[in-house]
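Input: a single structure, listed below in C-alpha cells.
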Amino acid sequence: MALSREQIAQRVAQELQDGFYVNLGIGIPTLVANYVPDGMEVMLQSENGLLGMGQFPTEDEIDADLINAGKQTVTTAKGASIFDSAESFAMIRGGHVDLTVLGAFEVDVQGNIASYMIPGKLIKGMGGAMDLVAGAENIIVTMTHASKHGESKLLSQCTLPLTGKGCINKVLTDLAFIEIKDNRFHLVERAPGVSVEEIKALTAGELVIPENVPEMTFI
Amino acid sequence: MALSREQIAQRVAQELQDGFYVNLGIGIPTLVANYVPDGMEVMLQSENGLLGMGQFPTEDEIDADLINAGKQTVTTAKGASIFDSAESFAMIRGGHVDLTVLGAFEVDVQGNIASYMIPGKLIKGMGGAMDLVAGAENIIVTMTHASKHGESKLLSQCTLPLTGKGCINKVLTDLAFIEIKDNRFHLVERAPGVSVEEIKALTAGELVIPENVPEMTFI
Amino acid sequence: MAGFDKVVSSYEEALAGLEDNMTVIAGGFGLCGIPENLIAEIKRKGTKGLTVVSNNCGVDDFGLGVLLPNRQIKKILASYVGENAEFERQMMSGELEVILTPQGTLAEKMRAGGAGIPAFYTATGYGTPVAEGKEEREFDGRHYILEKAITGDFAIVKAWKADRYGNLVFRKTARNFNPMAATAGKITVVEVEEIVEPGELAPDEIHTPGIYVNRLIKGTFEKRIEQRTIRSA
Amino acid sequence: MAGFDKVVSSYEEALAGLEDNMTVIAGGFGLCGIPENLIAEIKRKGTKGLTVVSNNCGVDDFGLGVLLPNRQIKKILASYVGENAEFERQMMSGELEVILTPQGTLAEKMRAGGAGIPAFYTATGYGTPVAEGKEEREFDGRHYILEKAITGDFAIVKAWKADRYGNLVFRKTARNFNPMAATAGKITVVEVEEIVEPGELAPDEIHTPGIYVNRLIKGTFEKRIEQRTIRSA
C-alpha cells in the first residue's frame, strides 16, 4: 500500500544521523522532525535565520518575533542561534547544512527538480528553495509518485520550470525510495505491499530495477 | 615655512564635519584626532573592526583584546560598535566612511597613489590601504611634498607600485593643499610663508596655479 | 540633530525626500520584523511608481500589501509573494512587475549593495528561469550565474532597540533581512521599539553599527502574526 | 562525542588529521585574537608545506612566526607581514611564497569561501599589482577585478566563550578575522577561554553559530600585546 504522509516522513527520518543540521521544507518534510530516532540529536535550520528550531509555542510562549520559514510561530531549542538572512543563506549555499528535505512537483533522471511554479496557475515564488537545492550536497525530495490522475512525477525531463539543475539524487515517494545516478532512476526500496511492477508503471523516466528490491521497514 | 606634522594634521582637521565617520591611517593621519574642532563630533573607524575608537588606555584599562589597526592598545568611545573584518571592509568598500586620511610615497596627476611598497626595500604589504582608497569617495593624502633629497612626490606618473588608481583628489603636504582634477594638480592653499614658486619647483606633475593662492590659516 | 544623533521626531520627517519612482529596500520576512509604520507612512504620503525590494509583499491589509490598492508599487523584487488577492491580480494583469529572486540571492544582493561588491557568482538559480539573461560561468567544474548588487534610494528597517547614534539590536527572527537592508540604502531609516543613550548597548552585541543609519524613530507596533501555531501546554 | 558536543580534550585531538601540504586559515589580527595554542600545536606536530591564510604572520617568537624557523609554511596569503626577521629572510630568498592580499579582499575571500560564493568583483586593487592576472570588468562605469573565494582544509580560530555545541562569542577586537575563518574550514577548530553549557548563550548574541565548528577546546592564553600604548591616568 502507498505510504501515508507520516510514513514518508518516518522513512526519511531513517536517513538522519546524530549531530545532523537539517533543513526541512514545508509540508511532509516538516513531519520528519516528529520521527527523529530516540537517542539521536538533530538541529533544525530555518532559513529565515534560526538554527535550533524548537517546538510550537504554548499560548503563553507565543512571540510574533519568533517564526520559522513557514511563518509559523515557533520556539528555540537548547543551543539555538539566530542570525540574519545573508548569514542563513551563507550557511545553506556554503554547504554547511547536512541534510535538506523538500517537496517537489517533478524530478527527472538528470537530477533536475521543479518545485516552485506552475505557469499560469501557481506563481508564488521560490522562497529559499533554489538556494537550498543549489547549496546542499545531501537532499531528499519527498512527493507522491504520481499525480491524482496517475501521471508520473518521475520524468525523463521535467516539464515545469526548474528549481535546480542536476542537484537531486534521492527521492522518497509514497511508493518507493529511488536514487538518481548516471541519468537514470534506481529503485532502492519499495513501500510495503507495493510491487515493482506498480512502481515501474508509474515511473516515466528510465528506471533501473535490481534483482532484489527490499520493502521499507518501519519500527 | 614648511608645516610640521602637527600642522598638517591640524589643517586636515579643518576638513572634518560634525557627524563624520573617519578612518585615519598610521602616522600623521593619526594625529588628526587631536585637532577635532570644539563642539564637533567625529567617530573613528579602525579597520580591524572597531567604530568609535577612543583614546589610549590607562595602565589599568589596558586590554590585549582591544587594539586599533596600528596594533596599539586603545579604548572604545561612547556609542562604539565592534564587528568582524568582513563587516569592517563592507563598511569601507561600500563607501560608508565619510573621510579617509592616509599617507603616501607618491601621488600623480591622474589621482593614482603609491603607498605600500618599495620594490626590493619595503615589502610589508598593503594592509587595508587598497580597500580604503578604492572604497572612499573622500580621501585626503598627507605626505611631505618632496623627499629629503628634494625629489617631488607629486608626479606626472607614479613610479612605485600603485595602491589605487584614479582615486585621490586631495593632497595635503607640508607645503601646500592641492586638489587633483582633469589630470592636473591644482594649488589651493600654501603653507604660511611658503611661496608659490617653491611649491611649483617641488611639484613634478603639471600644476595649475590660480591667480590667488591663499595661505593656510590656523586658529 | 547634531553629531551622531539620528533621532527624528515624526514619520513624516523620517521619510522626507522619498519621491515617486524611487527604489525602496525593506527589511522583514513575512510580517515578522517589518517596518510597519514606515510602510504606513508611505501609504499616507501616496508616493507612487516605487520599486520595492523585499522578501515578501505583506498581506492584503498589512505590511507592503497596503501599498497595492493605490498602485504605489510599480515593480517588486521578492522571493515569495501572492499572499494576497490584489497582488495576484496586479501581477497577472501586468500592472505590477514582479522579479522573483531566490531568497538567499536576494539577501546577498542587498549585502553586496551595501558592501561595495557590484556582483557575485552563485550556483543558486543555475539552469532555472532565474538564470535567463545572466552570465553563466564555471568555477572548479561547477556552474554558477552572475548576480548583481542592489542598492536603494531608501532602506526602511525595523529593529528592536537602538541607541541615539543608530546602533541597532534586533530581536529573535525579526532580524532576517533588516541588517542587510540597513546597509543598502542611500538613506536608511530605522524604526525601533526602544531608544537608549549611546553607551548603553554593549559594543560586542550591536548587530548593525550606526554608520549605516541616517534616521531613527521610535514607534509602536502591531506585530501581526501570519501563522499562529501553538501546541497544547 | 555525541550529538552536537564539539568539545575535545587535547590539542593533539583538536588538530588530528592536519597533514603536510594542507591549507590552514587562521583568525587573528596582529597578535590579537590569534589561536595561539593551536599554532603552537602545529609547531609541535611539525606539519610542513602548509599554505597559510592569515592577515599577518605573527612575530619572531609568537603567533604564526613560530612556524617559520622549521620552514613549516610554504606559502602565505596575508595583507601585512614582515614584522619579523626570519619572515623577511625567507620571503627575500624565495623559500617562502608570499601572496599579498588587501585586507578587505582577504576577509571577503574567506567569507565567500564559507558562503558558497566562488568569486566576487571588487574595486580594491584595480590598476595595482594585485590585479595582475585577474579579470577586470566595468560595472556602471567603475572598474573592478574578480577575486576568488578561499577555503581551507583546516580553519583555526580563537573565540572568547563557546557553548559545547560550538556557538561562539568573541570579545572586543579579538573578533576580527575569526568569524570568517570559522566558516571557511573543511574542519574548523576553535579554542576558547571558557566553555559553557548549551542554552547559556543568548541566541541573539551568538556571533558564530555552532554549525561552522567541528572541534572545540578550552585553552589558556598569553595574549601578547604588540604595541603597548598608554596614556597617563
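By letter and in written order, the chains are A, B, C and D; residue numbering begins at 1 in each of them.
In this text, a contact is a pair of C-beta atoms (placed from the backbone, for glycine too) under 8 Å apart; a residue touches a chain by one contact, two chains touch by 3 or more.
Remember, it's a predicted structure, so these values are computed and weren't measured experimentally.
**Q** Fewest touch steps from subunit A to subunit B?
**A** 2
**Q** Which chain pair is joined by more contacting C-beta pairs, A-D or A-C?
**A** When A-D is set beside A-C, the one with more contacts is A-C.
**Q** Taking each chain's centre as the mean of its CA atoms, how far is subunit A from subunit C in angstrom?
**A** 29
**Q** Please compute the C-alpha centroid of subunit C, do the same for subunit D, then give the distance between them in whole Å.
**A** Subunit C and subunit D have C-alpha centres separated by 32 Å.
**Q** Report the inter-centroid distance (CA atoms only) between subunit B and subunit C in whole Å.
**A** Chain centroid spacing, subunit B to subunit C, equals 35 Å.
**Q** Could you say which residues in subunit D touch two or more other chains, in rising order?
**A** Expected reply: 108, 111, 115-117, 122-123, 170-172, 175, 203-204.
**Q** For subunit A, jot down the residues that touch at least 2 other chains.
**A** Residues 50, 76, 82-83, 89, 92-93, 134-135 of subunit A touch two or more partner chains.
**Q** Quick check: in the complex, which residue numbers of subunit B touch subunit C?
**A** Subunit B reaches subunit C through residues 18-19, 21, 40-41, 43, 45, 50-52, 76, 78-83, 87, 89-97, 134-135.
**Q** In the complex formed with subunit D, which residues of subunit B make contact?
**A** Against subunit D, the touching part of subunit B is residues 46-50, 55-60, 62-68, 70-74, 76, 82-86, 88-89, 92-93, 112, 117, 123-131, 134-135, 161-166.
**Q** Enumerate the contact residues on subunit D facing subunit C in the complex.
**A** 108, 112, 115-123, 139-140, 142, 144, 148, 169-172, 175, 203-205
**Q** Please output the residues of subunit C touching subunit A within their complex, sorted ascending.
**A** Answer in residue numbers: 29-33, 55, 78-82, 91, 98, 100, 102-108, 110-111, 122-130, 143, 160, 170-180, 207, 223-233.
**Q** Inside the complex, what are the residues of subunit D that reach subunit A?
**A** Touching subunit A: residues 2-4, 111, 113-117, 163-165, 167, 183, 198-199, 201, 203-204, 206, 209-212 of subunit D.
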